[in-house]
């Protein structure tokens, strides 16, 4: 007997309890940072308002915000009857995750006299952490209940903060655009979760696990907003000045090169040379993922384009050849193909970051070296090679925590208490949503034409 | 006999006459302000361009602009056959209102030697005023002609400017995000208009007064852009520095908490625990409305989240229980449920603003107090309690002017000269638009399957 | 026999070869500019990061980026079965063009010791050039293969850079928003290309060369984003300070006035007074085009509104009366009507720019004159009248290069090697894309209703 999918008690309960806990913890732990607080900012009456971090970061924050809510949300509306859930659950778990991330990241990244300080930078970081959860959501899309997703978010945000703490605070890694912390982590966490939640009879919903014409156009809204704003994503929390500027430029060139590779290889792998919307919607974004670590470094436009081109290529090939293999042989049902968009390009990005860091020198960076590799300013015997090594270790740590975390989370999500959809009802909005009928006029029209046909034939 | 809905003379006439009047008045009255004018800005050759208000306000302006045109426009496309009108009339009345508002607000907010000064701040304020008109549009959506809407805009913008003048210039109220001036005003004005325009036989169009699957996804474009950019809306015209920064953060947290409340209560009020798109599209935004007044104050993230949670809750409950009651008993046909999204949350926001202001102190705000409560800088015996009182009076004034203004406007809009749609043709684009047929291939497909069916059955 | 439309070799080959060439040329020729390079920016340890051009230009760049990818992309999705191609090919040729434009513009606009310098300003300029290619794309939409479009982009970007060089560097013209360089050039280039590619039997695809209900709503996404962000487009590369501010304001007012003219005349030219989506989607934008040259000057809001009103008017009349004439008599098949949106308003903008420049004086501009007309600062006998003359010459040059360039490009595109669609398969995604079926549930529903009908009638 299938578990009931009725959410009436479960969803309100978890939403309200989680929010009440969040509110209490915010009340106890959170306060404005120095740039946000009326008293602290105006200690000195002569402070120039233009130096408030708000003006350096807020436009980037808004672009990141669009990527999280419109980008991820619409990207996942490609399924024919899962648009409400894609947009809606994306909205729900993002709204929860950004609050929970504020607490977890604040806790790990240094409390100030027992308080977590918030402002535009913490808001960007919270959105970043949310991004990782939404990547994992892509793997389990259509096969999970909203309660299950919220529980996954609770656990994933926590482990994200742990991993981020190890990378940034202990290993001193550079990862401003999150090739490791966001994309690699989110992807392998999600892949492990969907592996544990493997459904042998998922083909009962197979006919719904595909797009229709208009749903593919909705998904393009997500793709294009992600693509356009990725330069802001990668540069949002780099240092002021040349690093922000350079990161945006590198990401811009990487994505452009990635797009040409995507179109080329999408046509090449099709017997009739036809383009596949799945590739265009996803692989064209891999160039943003792959410069997430090295983007702030002196990668040069030339280097960025090579990286972008490679990322687009492996991503298309992954969709074509690796995803079917992973599904049939490894039992990894990856609805959105996050392994191709975030997994492999994330690893590529981590490697590119390690190599680029290992090649850094005061010759190339001048005084800017201290601005990109903050530790270099503090010690006279900073070594680019050692730095590169730590970057590589960071990738290994990320993979380890993601896979182990996904394993534990997956088993936790297998408990029969979340109201998950039965195999026949996956990828279907009607399970959790009031779904309206089809268009009125439309039916009338069809009925009329039907009637005409009938009259002709029956006469 | 139903009045003709042919717009051929009426719409061109009103559009062209209004625009010609606007152009003449702009020619006589409007000039660039000191930051926009070539001569005035460069009086001093050494002026630092970075201090131009453009760089402080323009990114926020663009976010507000997106909310007005994409946010409101797409939010109202949820109706199955009213997407052209929702987007189109939203576009038309917004383009008119922002010009008219520039004049009206300029007239009331201080002429400079007989001239109205324009620049990015006046552009934001004009967009804000436009927002109030679009809120009212939500109440009468589907039941009005474009000419009627333009006439409504002429009157509403004027009364908006009067109310704003009383609140900001006479009562010295704080209302940067417009909980009172925009949301409360727009909502109760619109509710009164729709009350006066009550259609006893509206159920003749009942089958069109609902959504279809894709129209709900289009509406989500509106919702999400409103949700994401609301921090910019509330902070767009606050003082530079910490107030802008703090307002954005408060709005961000309020909306996140509101979203969890919305999902929780939407599921709770449904017998099967299913989520309702109407709630997600609208109630999740109430958290932005409810911190429109207090957002710039030291509300704290904790306080913002409580306010957002309450706003989402009352909004969902309003959609479920209050709207049907208002329609059947009070004869208020509120198409978009603006009472739940803007009305009640607006009042909540005004009350929260009054209380937060009444609790303000130099202890908490430090020197920042003068930056938030500008009058405090001017007088040594400024009293937070008195301030709170004036905030409360401002709410009462707003409600009074909105209801009275809506009443007068409503009667004015009842004149049988506007080409309003008959009861049977409400919520229908074809009345005022050339509407294309359905998809070609699609029909062919249906015809083929029909033919196959027929052949099978007739054989 | 129709040429094969199979892209399997052609598209991958051209994508990969072009990208490899781009990467090599970037490797040899391109380096970061002074604000983007770590060493150069930090030469002086005391450089204030706030003075980095990134903070003046990046928000505008992102708005322009949205216009290029979302604006143009969605605007062209109005065709019922060409949404994948509209979005997809727009994406492809934009991603290529911005890279190629970086090289071409860098080559012409001054090499630095044999190197092309890149940063946010070059990124905006590259996007601008891309805009011209996308305008031309609008004329040939639905009738060209992706390979053909890439070849067109190669040639058009090159000629764009030549024309831009002559205008800006030789004639010293002002054209910050590109009325001439972008809109007039892109339009007449595209019109000439489509003239040469004239298809006498295009009416075989006539039934697909129109919109359906939802495709018109998708197109409105493009329209509205273009409309909203046009103030950023026109002001993106003007001087810092008052010129940026003034340009944004002028564009804002011009577009508002244009919108009222568009609605008025759209209704007026329809026998039943009904509005036409084609006009609203396109003509309402003409106001942005028409202040592309004069926007940075002291045009005043009053002047901007007059220009916008005129632009909207001629654009609607063009769609109604000129486009059919051009198609039947001049054999110019202009799918999107770019002549009405970019051609005529572009010429209007050039004329307005010439007149406004000719009327400039130190009386009106004060010291700001040197900021708008950079040559004025360098010579004591600068003459506004001469300047106006050079602006007029610039328009003539642009028309000449565009028409001649389009002619040559058109003949080049006639070669039977690109896999162009046959006349019966124009405006059809299925030629170049894997297109999914229609919605599952939907069919079931129709089949059920069909069956019911049948049973009733057959009983």
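Here the chain labels run A, B and C in written order, and each chain numbers its own residues starting at 1.
In this section, contacts are C-beta pairs under 8 Å (C-beta built on N, C-alpha and C of every residue); 3 or more make two chains touch, one makes a residue touch a chain.
Values in this document were obtained by computation on a predicted structure and should not be read as measured data.
Asks: By how many degrees does chain B turn when fitted onto chain C using C-alpha atoms, rounded in steps of 5?
Replies: It is a rotation of 120 degrees, to the nearest 5.
Asks: Counting residue numbers used by both copies over all numbers at the interface, does the chain A-chain B contact come out same (over half shared) or different (under half)?
Replies: Mostly different residues: under half of the interface numbers shared.
Asks: Distance-wise, how many Å sit between the C-alpha centres of chain A and chain B, to the nearest whole number?
Replies: A distance of 31 Å separates the two centres.
Asks: Quick check on chain C: which residues sit in contact with 2+ other chains?
Replies: Chain C, residues with two or more chain partners: 50, 55, 59, 214, 221, 438, 446, 450, 454.
Asks: Residue numbers of chain A touching chain B in their complex, please.
Replies: 6-16, 18-19, 22-23, 26-27, 30-32, 35-43, 45, 47, 49-50, 52-55, 58-59, 62, 65-66, 69-70, 73, 77, 81, 83-84, 87-88, 91-92, 95-96, 98-99, 118-120, 123, 146, 214, 218, 221, 432-442, 445-446, 449-450, 453-454, 457
Asks: Along chain C, where are the residues that touch chain B in the complex?
Replies: Residue list for chain C touching chain B: 50-51, 55-56, 59, 63, 80-81, 207-208, 210-214, 216-217, 220-221, 224-225, 227-229, 231-232, 239-246, 248-249, 252-253, 255-257, 259-261, 263-265, 267-268, 270-277, 280, 284, 298, 300-302, 305-306, 309, 364-369, 371-372, 438, 443, 446-447, 450-451, 454, 458.
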